[in-house]
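Next come two complexes, and both contain chain A; in the first it sits with chain B, in the second with chain C.
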Partner chain A sequence: MNKEEIIEALKTIVEPYSEEVSALAHIDENTDFINDLKINSANLVDIVLDIEEKFNIEIDNDSMAKMLTVKATTEIIVQKLEAHAG
Partner chain B sequence: MTTQEIIDKLPYGKSFLFVDELLHIDENGAKGTYTYAKDLPFYESHFKSYPVTPAVILTETMAQIGLVCLGIYLLENIETDQNISIAMTSNAIDFLKPVVPGEKVTITSEKVYFRFNKLSCKVKMENAAGEMVCKGNISGMLISKENG
Partner chain C sequence: MLGNDIVDLDLAKTQSNWRRKNYLNKIFTADEQLLITSAKNPDDMVWLLWSMKESAYKIYNRKTGIRNFAPKSLNCVIHSDTGQIHGTVNVDDNTYFTKSDIYTTYLHTIASVESVKLKDISMAIYKSPNHLFDYKSTNPGCVSHHGQYLALVY
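Here is the complex of A and B:
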């Protein structure tokens, strides 16, 4: 799965947790979950759990703390997928 | 940690404490009871001629026993000497039967997950006859604060 495909999958995951229609429509690497999509910390946990399920990976506390933007989240997913494959 | 120690750690004042007994607690869930005294102040107005326990109070009771008591227990196993605050972040509850003044209810919760300090529980409330009064899912964020 390449970066664009991951971002597309992320978009589908975060959509139910945000009311920010315009920010959702223009989601890209720089999108910030809290500032742009107005997602609270409780829903951020659900998003991370959805990511774990979708990509079949496990997110630890340190990674979770970094997953505040689409870019950081994508990097962590790529890294976990590679570790998984290796 | 005993069930009494958990009750003592609850952050509610007397007029907003909806936990009488904590019957059982382990890492997977909690069970406790509360009796709605006939003279609770909201019965006078909810409703004007027909006192029934407000759904928000039923929800609060489910959250205090099912989520907050369990959260205190779970956090205590992880860290000590910390003050705990818990914020309900979402709930979805079905209300099946009214609860009238004087009724004793039993709340049972089952942990769905506890990850990244978010606790999500399946919670049910039953009346003295063992009938389901309400049931649903309640989630909250558990925050450990430094002393003070």
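Here is the complex of A and C:
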């Protein structure tokens, strides 16, 4: 799975938790879950759990701490998928 | 420096399913999870602990410049559970003091770096549609918005 495919999958995951139609339509690496998508912080946990299920990876607390933007989240998913494959 | 956090309990019911597998384990320490599972009202306890963490994080974030999502690194201790709920939240070497009020439809927590300052904090809570005004011009020390509620502290 390449970066673009991961961002596309992420978009599907975050959509139910955001009402910011325009920000969702223009989602890219720089999108911030809280500032741009106005996602409630209690729902960030749901996003982390959805990511774990979708990509079949485990996200540790230190990784979760960084998951406030699409860019950081994509990097973590790539890392975990690589570790999984190795 | 002040922190606060309001939870619209009706919205929380539909917005978040904390009973989902692994949910509690991602955000609460073992001690906090014990408080939740042994609580008379587990829903209230989940959102009480969550609002304590959020209100403390708002001070921590401004004080240290650190922006992260590490709810488990904020450790809550509740000191009393009659009437007003006092607590402390520890993160790294910082301790924040909290006071919470639980009502039927919402709960609100205020946080301060000094316990004696808690009694000097004044709060203003507005319910929709009365929350649509230029509150920033009132220069609040912290702002929290959730569902139908807007909470300001000074």
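Throughout what follows, the second predicted complex is superposed on the first by the 86 of 86 C-alpha atoms of A that agree within 3 Å, B and C clash if a C-alpha of one lies under 4 Å from a C-alpha of the other, contacts with A are read in each partner's own complex, and residues count from 1 in each chain.
By our rule, contacts are C-beta pairs under 8 Å (C-beta built on N, C-alpha and C of every residue); 3 or more make two chains touch, one makes a residue touch a chain.
Here the structure is a predicted model, which is why all the values come from computation and not from measurement.
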Item to complete: Could you figure out whether chain B or chain C reaches more residues of chain A?
Response: C
Discussion item. Taking the superposition on A as described, I'd like to know which of chain B and chain C A:Asn2 touches: first, second, both or neither.
Written reply: neither
Worksheet entry | Partner chain(s) touched by A:Ser22 [first = chain B, second = chain C, both, neither] | neither
Item to complete: Answer with first, second, both or neither: which of chain B and chain C does A:Val45 touch in the superposed model?
Response: both
Fill in: Partner chain(s) touched by A:Lys66 [first = chain B, second = chain C, both, neither]
second
Item to complete: Take the contacts of chain A with chain B and those with chain C, and give the residues found in both.
Response: 40-43, 45-46, 48-49, 61, 64
Response to the item:
The residues of chain B that touch chain A in their complex are 89-90, 113, 115-118, 139-141
Practice prompt. Would you pull the chain A residues touching chain C in the complex into a rising list?
Written response: 40-46, 48-49, 52, 61, 64-68
Discussion item. Taking the touch rule as given, give the residues of chain C at its contact with chain A in the complex, in rising order.
Written reply: 12, 15-18, 20-23, 26-27, 50, 54, 67-73, 146
Fill in: Contacting residues of chain A [partner chain B, same complex]
40-43, 45-46, 48-49, 61, 64
